[in-house]
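Next, two complexes with chain A in common: one pairs it with chain B, the other with chain C.
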Partner chain A sequence: MSMDRRSFIRRSAMAAAAAALAPGLDLGAASAASGAAGPAPGATGVKWDKAPCRFCGTGCHVQVGVEGGRVVAIAGDRQAEVNRGLLCVKGYHVGLALYGEDRLTRPMLRKNGRLEPISWDEALDTIAGRIMAAPERFAFYGSGQWTIPEGYAANKFMKGGLGNNHIDPNARLCMASAVTGFLATYGVDEPAGCYDDLDAADVVILWGNNPAEMHPVLFSRLIDRRARGESVRIIDIGTRRTRSTEHAQHYLEFRPQTDLAIANGIAHLLVQRGTYDADFVAKHLAFRADSEPATNAGKAITFEEFKASLAPYTPEHVEAVSGVKAADIRMLADLFGDRSLRITSLWCMGMNQHTRGTAINTLVHGVHLLSGHFGRPGDAPTSLTGQPSACGTVREVGTLAHALPGGLVVTDQAGRDKAEKLWNLPPGRIQPKPGHHTVEMWKRFCTPTADGGDIATLWVQVTNPGQTLPNLHALFRGKEGLADKFLIVSDVYPTATTALADLVLPSAMWVEKNGMYGNSERRTQQWFKMVDPPGEARDDCWQTIAVARRLHDLGHPGMKDKDGKFIFSIPDATGAEVPVWQWERYYDVNVDRHLFEEYRPFTRFKHKDLAPYDEYVAARGLRWPVVQQPDGRWRETMFRFSEFDDGYVARGKGIDFYHSPTKDGRAQVWARPYEPPPESPDADYPFWLCTGRVVEHWHSGTMTMRIPQLRRAMPSAYVEMHPEDARALGIGNGDEVSVSTRRGELSLPAWIGGRGAPPRGSLFIPFFDETRLVNLLTLDAHDPFSKQPDYKKCAARVAPRPRRAATAPGRSE
Partner chain B sequence: MAISGLIITWPDDATRAAAARLAVAGDPRFELGPAEGHRQVAVLDTPDPRGDREAIAWLLGTAGVVHADVVCVHLDDAPPPTARAAEPGPACLATSGGTPS
Partner chain C sequence: MSHTAPPTGPPGGRSLLEVGLTVVIGIAFAGYLVGTRAAPTPALTPVTPFALAEAVVDAPDRALTWGELGSVRRGPNQGPSSDLAALAIPRSDRTPAPPGPEERLAALSSRAERRAYDGAPPTVPHAIDQVRAGYCLSCHAEGMRLGDRVARRISHPPYAQCTQCHVASEGPLRAAGIAPPSTFAGLRGHAGGERAWPGAPPTIPHTTLMREDCASCHGPAGPVGLRTSHPERGSCTQCHAPSAVLDQRGG
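After this line comes the complex of A and B, so read on.
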């Protein structure tokens, strides 16, 4: 490595940082040397186009530079409101995610125990043959990384084509409790506020949330405000100190699961002191409690009954339950009781991956509503998502087992009627019984058929359940040895999931295809294909349509609408059908545009209106509802349910929850008591184990572990523990230790005094490392309403090991 | 070798900001670049990723450093990963080669 190269890299780093900080910043010699970041129109053959980042749910826009058919450059998009030119360390490297050495490039079928290359025709025939033989035993497992058209096509194929509701996405594992929380409170999903709340809030409360690492560009927005002299008070309510804690004025450490007690404690004081917003309560709220049997609709209660439910949650009682000091509970209640402040709550997996996930979601909404901290910029309860289209594809397109596009549900006759009408299907095609949710789907797939395992063929697209499902021994590895079970995996790289697959399909990714995503703030985004996928890799959406066509040709009646047309019949400009099921014809038309326009009418049922496709081509995303104005313009909505911004709120109403569960414009405040977790530390397993993410890697690391810069920065998983616990067990920093739970054992190095600081008696392990699968240890207990598993707490023990033993199964090939 | 491009945020208080800037500028691992408002560009150059992490930890622990965004990281001369990207080289060069539209 010569000094010249080192100097060049240093100057490039300087230029990249300067470009992110401010366009046009004078770099002097640095920019002159590297040529980076400076405006040089047409200086090279690089062609630039916009795309949302492939990774998290923030929805940053990048500019993608393409030259010679390859992505050669990435820059933060300065025109994008979400990130204003900034990117996190993952975003800057996103282009390299396409170019790992081991991209999957050919379909492969397992023969005699080995995956062997086959043709696409054989692959499609194999899938169609399995489905045709037993359509009711087929399930589709998708993703919050599906693009909107991909998810829409899969949903229509299953529910409108096969009449089979066994389709569920990996987003069940990350935000299902947020969905049930929004539905139970407002009658309609997704946050009312948006990222602009972060620019107006006086107080930001992080409920078990670490945005400094998981949503770093959003967190930078807060830090930037402070740097400009504005006052932003950050309160971190967590079970472990993180990078976010370093910026918080208050760190309130609670015992796992007891966040419910904290929220109830705030509500208790608001009511007891009379500092709740009585006018807001009278005009806009109603009260509910769990019914028997429990449903997400619950039962109506009076305000007096609600108050009575809060009686036990005195600050002292909450301190005893949660460990958070009574004075801090009073401090939180003081803040919520002050209407002159603007308060934004943020949460993500901490509240969602929780056996009481729906309950804590509704409680946090309830505290905001009760105190009137709602409906003004900066006053918002806002959940963040982890995947780029968990909102757009899962929650809006309705790829959950009970859902239909646009917020409709299969259990509702009127909803099925609407979907069948828009899809031009015969009445009764869509089945009224919800399909298997994720945990149930995989449990049944991994159970012998004779024992009730009624899922025989499972197709996975754009996700890696072999690494991310909880309790992997039971929910994934149980498939081994079940000869009549058949796992199909569409992916871009070999993963822990393809290791058990019977058929592997190579997929195109990100800018190798057209796409649309929907981010955490209701922003729908669009991009065009920029480069070709490698080898024989093909779009996931094409794969779904091609299988549907095979079934059509085999005579499956569900693949035709009521007029006898193929359910994915796509015409060209002259009206002639384009055989898009043939790969060589797939890009003769813009299939995304067609599917999106077919989907758009669904979005009006719940006032989630989307604009025409071409509006998204021109924009860096638009936040729904996007409503056409008298002058023809399409206007996005930043603050839902608020008259000043939401066109669906009638003049004079101020606030209107127009999809209220009680159909009277009122949001629901729930009485939800604290309940202990299903598994707690005991004499045999004395530690709490929490799992999560790191800033360098995105989820299971399939992409980021193939980016050398990120892999080298964080090459392997570790267990964080408290120094005193380590000392008591004779464990030193970097020592290999064994962590075990009632479900499995894992060997990995200890990190003491590292990035995160768990309290005594707690462990933290990230899940990005496929050679150290922490989900062999986790619990599959899940929330009763959302069916989302709890990855944040189970009982574990830790012991030193003399040397590393390979007890964690990695890829088998 | 580990080279990072950073944006460091300094505090409001000019005295504290100046002291922090002096401390960082005095560390040979850091080279400060242009500033805008309370934020300043810097390059961190260390022999290896461990040194990079330690330097970031030191930076974040330095009185008067409010925040540090890591904009890009280049690491070289490290053991090759099992799945190596086909386009080695500094990802922060990604901003070179023309103007994003």
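After this line comes the complex of A and C, so read on.
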């Protein structure tokens, strides 16, 4: 009896306690009133569903907990192969990104210098009016955070509708050099390997890469192998010590830009010692060098010519150029010369944001191919992406100024024909001349029309160029005062970009809409809308379709296919057209499914086959090519070009580069000399300046700076410098200092002995902080092939600022 | 935490227990009233995930002068004193008693302070090594206790990158450390497990993902309100069933 009494008492006390703890939450409240036991686990009214994380290109899946129409919790998705239930701190807090107090909820038009609320109808009429007036002077600036259907709709709207190729994404700033590197080497984009390589590799080389902060879940997947008793050797080739260095056996510190010399030094030794894979070379490789004029196709050279190009790169010469010890170059060559090892290379912005980005990408592929470290699990050169759908939406859907979906390009007649056929457009609709790439697009937009600034109206979706473009004074702020230029920004929060916008459109984000992403390892992912967007915020894809419909109604001929049908005509199950351009009808059908199925035939051209939409609904993503098997099942591919896994490799071939640039199944190994950077430290600007990211924040911080836990952990940008440099300049930890380059000046606190350790003569500043815009300082010089700017090196100087009396520097008042 | 066995204490224990029960009943009744009032005045301020932590170390980021070194305590161990009497673990802590509701409330509330929602990785309430994440394990691998400071034992396998998920509650550069206004309202703690009948062992009311070591919270060094009454039994899931739904099994 007393037992029952006691447990009854304890239970009611517990329920009362829960009610007191959580007023306003239904959990526990009902049981408090009834005196019954607490709610059953999982029965608290929280509904869980899968979604890929909103942030980086790793592509973790999260489980999103929704209650009362709001996201209330996040969990790592145990069924996801990418992350197996683990997330990083951003992923665990991704749900909070929706709930910053200053969400944009109404369209706003700048009137007399102020943004004032207007109706959606007025907003759409304004955009359509401006495009109609000068369709050729309109440009669309998109994002690797566009969902696949969003990017597909925008690309079709521009290239297939307006016959205008001025569409480019922020991914140009992020992984364009990886793309040109893959194309120049294999003739087709995206990595051959996948994350499973991390489970099998004996050696992992980080080329200017800090995955401990930028791709934490992948880095954990790697280093947690050690906890299981496996051994994995990590070599960090970097310009500054980072958290990743702490887990590496070797840290090879090189002078910025000299990674080209290091890669050539490895190849030099492989060739000189004869430790390259002669059989692999004979069967699978051809050699190339830069042509005159330089193109990404280059010109063929012989293996002998290739060897001759490597002659200068002796270990001693490489040491002199790069600062990496000759013994360490030999160590790398020893590893690559040993075919019994499995070697995976990882890189991200260090190799891509590089004025010789394409060159270093091809060189790293070259070292792997030359040594035969390719095509077996664990043997892979793998680039990582920074955005959740840089691969899915930008590289595969082709939202670049020269591209069409499925790896087709506008300069190729056959490619245009294929796209026009699939889109049912009259021949000649798609223009053959590539549009402006990102840097050019913004330069033209910020140049007065009379001086050749041929972009007058620019629509930005899902990105924040006012913070992320390089050399912001020239490429973004130049827009100020140009009365005939019009900037349209679709976003979820006020940003550095909306600050100059003439029209702001409030967007739905992440699980406020249906979506699909494609991650770094060719994995296509799908999720459903789970909560409503706030206020009048609406899907970006709807915005594009609604503008297209306005233009259709205004009589723009491009908004109709050759049978006179609207280019975004979407039928319901009975075949009747649904007016999805009316917001209240948009979710009457699954627009994502329709657009994805329309896009899918494009993916066959380059053997990047995608499965039907419903396969992705059931899966935690699938890696393309996803090929239907005789039994009807859809099978994903982990290792491309390798017979044991890739169904497109002819039987008996072993390895087959079936999109080879030379059409003979061979990958291209490039001779690419070291070239000095466009700007190096000198007497006036004696420091190297590198920019980058931190684990707490994602890119420009629009979302993560509104998440209290992340903002409090990392509230402000800072400049990292070497203690001896700081001492020489009289700078103390936390002191406010001034960093300047030939392009701008920035004030921010110094952090010495902090997160990273730059060598003497070098500075590091993260770019997440909109109040301290490091891109006022960066250089807009870019790679000749990829047009990707170099954010990783320019010349800077640093000086202490006068200290405030009686206040410890760097502290709040 | 179930109490299926009669008390086995000394003869006087029974009456002590009755007194305790009276107190518990009183508190439960008060708690019940609080919980059912239309506009309750909660016993504790409702925890919002973005309430700023108060325990900010009031020491400059700068290196201290020689003169300051003697007077300013800083870093993660600034709290504990070197007074041996204060450091001793009180014996009473080793004799677990069933936690009372107010203790449980306090425990859940203090947990919530450092979590955006129930299940979020807690933020770290002390300064951290920015680079060597593995150093966390020097205290948190086995857990330790120093005076009133408790380094909770890691509740999941020792991943080598603690700072991947756990960031400092307060960043290193405080100049701009203002919490942004947010309307996020995270899932809050649960009322407790489900019992098939009065006296049955309760089920586990939370996910076991990342909470594989029950003793981290429910062991003798856990918060008083969450401690098990039977720490000598090591196989928790023998009696306490996890939830397939919460653990994402089969769904």
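Heads up, the rule we're going with is that the second predicted complex is superposed on the first by the 760 of 813 C-alpha atoms of A that agree within 3 Å, B and C clash if a C-alpha of one lies under 4 Å from a C-alpha of the other, contacts with A are read in each partner's own complex, and residues count from 1 in each chain.
The definition used in the following text is that a contact is a pair of C-beta atoms (placed from the backbone, for glycine too) under 8 Å apart; a residue touches a chain by one contact, two chains touch by 3 or more.
Note that the structure is predicted; figures quoted are calculated from it, not measured.
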| item | value |
| --- | --- |
| First (chain B), second (chain C), both or neither touched by A:77 | both |
| Partner chain(s) touched by A:760 [first = chain B, second = chain C, both, neither] | neither |
| More chain A residues in contact [chain B versus chain C] | C |
| Touching partner for A:493 - first (chain B), second (chain C), both, neither | first |
| Which of chain B and chain C A:727 touches, first, second, both or neither | neither |
| First, second, both or neither for A:633, with chain B first and chain C second | neither |
| Which superposed partner A:49 touches (first chain B, second chain C, both, neither) | first |
| Which superposed partner A:751 touches (first chain B, second chain C, both, neither) | second |
| Partner chain in contact with A:716 - chain B first, chain C second, else both or neither | second |
| Which of chain B and chain C A:92 touches, first, second, both or neither | both |
| Doubly contacted residues of chain A, that is, touched by chain B and again by chain C | 6, 9-10, 12-22, 25, 27-28, 37, 39-42, 44, 46, 48, 63, 65, 67, 70, 72-75, 77-78, 86-89, 92-93, 95-96, 99-102, 216, 220, 223-224, 226-227, 243, 246-247, 705-713, 715 |
| Residues of chain C defined as touching chain A within the complex | 2-4, 6, 21, 24-25, 27-28, 30-32, 34-36, 40, 42-44, 46-47, 49-50, 52-53, 60-63, 98, 100-102, 104-105, 108-109, 112, 116-121, 123, 130-134, 157-161, 163-195, 198-199, 203-207, 209-210, 243, 245-249 |
| For the chain B and chain A complex, residues of the former touching the latter | 1-7, 9-12, 31, 33-34, 36-43, 45, 49, 52-53, 60, 66-67, 69-78, 80-81, 83-88, 90-101 |
| Residue ranges of chain A in contact with chain C within the complex | 2-4, 6-25, 27-29, 31-33, 37-42, 44, 46, 48, 63, 65, 67, 70-79, 85-89, 92-93, 95-96, 98-102, 212, 216-217, 219-220, 223-224, 226-227, 241-243, 246-247, 695-696, 705-716, 718, 732-734, 749, 751, 754-757, 769, 771, 808-812 |
| Chain A residues within the chain B interface of the complex | 1, 6, 9-10, 12-22, 25-28, 30, 34-37, 39-44, 46, 48-50, 63, 65, 67, 70, 72-75, 77-78, 86-89, 92-93, 95-96, 99-102, 216, 220, 223-224, 226-229, 243, 246-247, 493, 705-713, 715 |
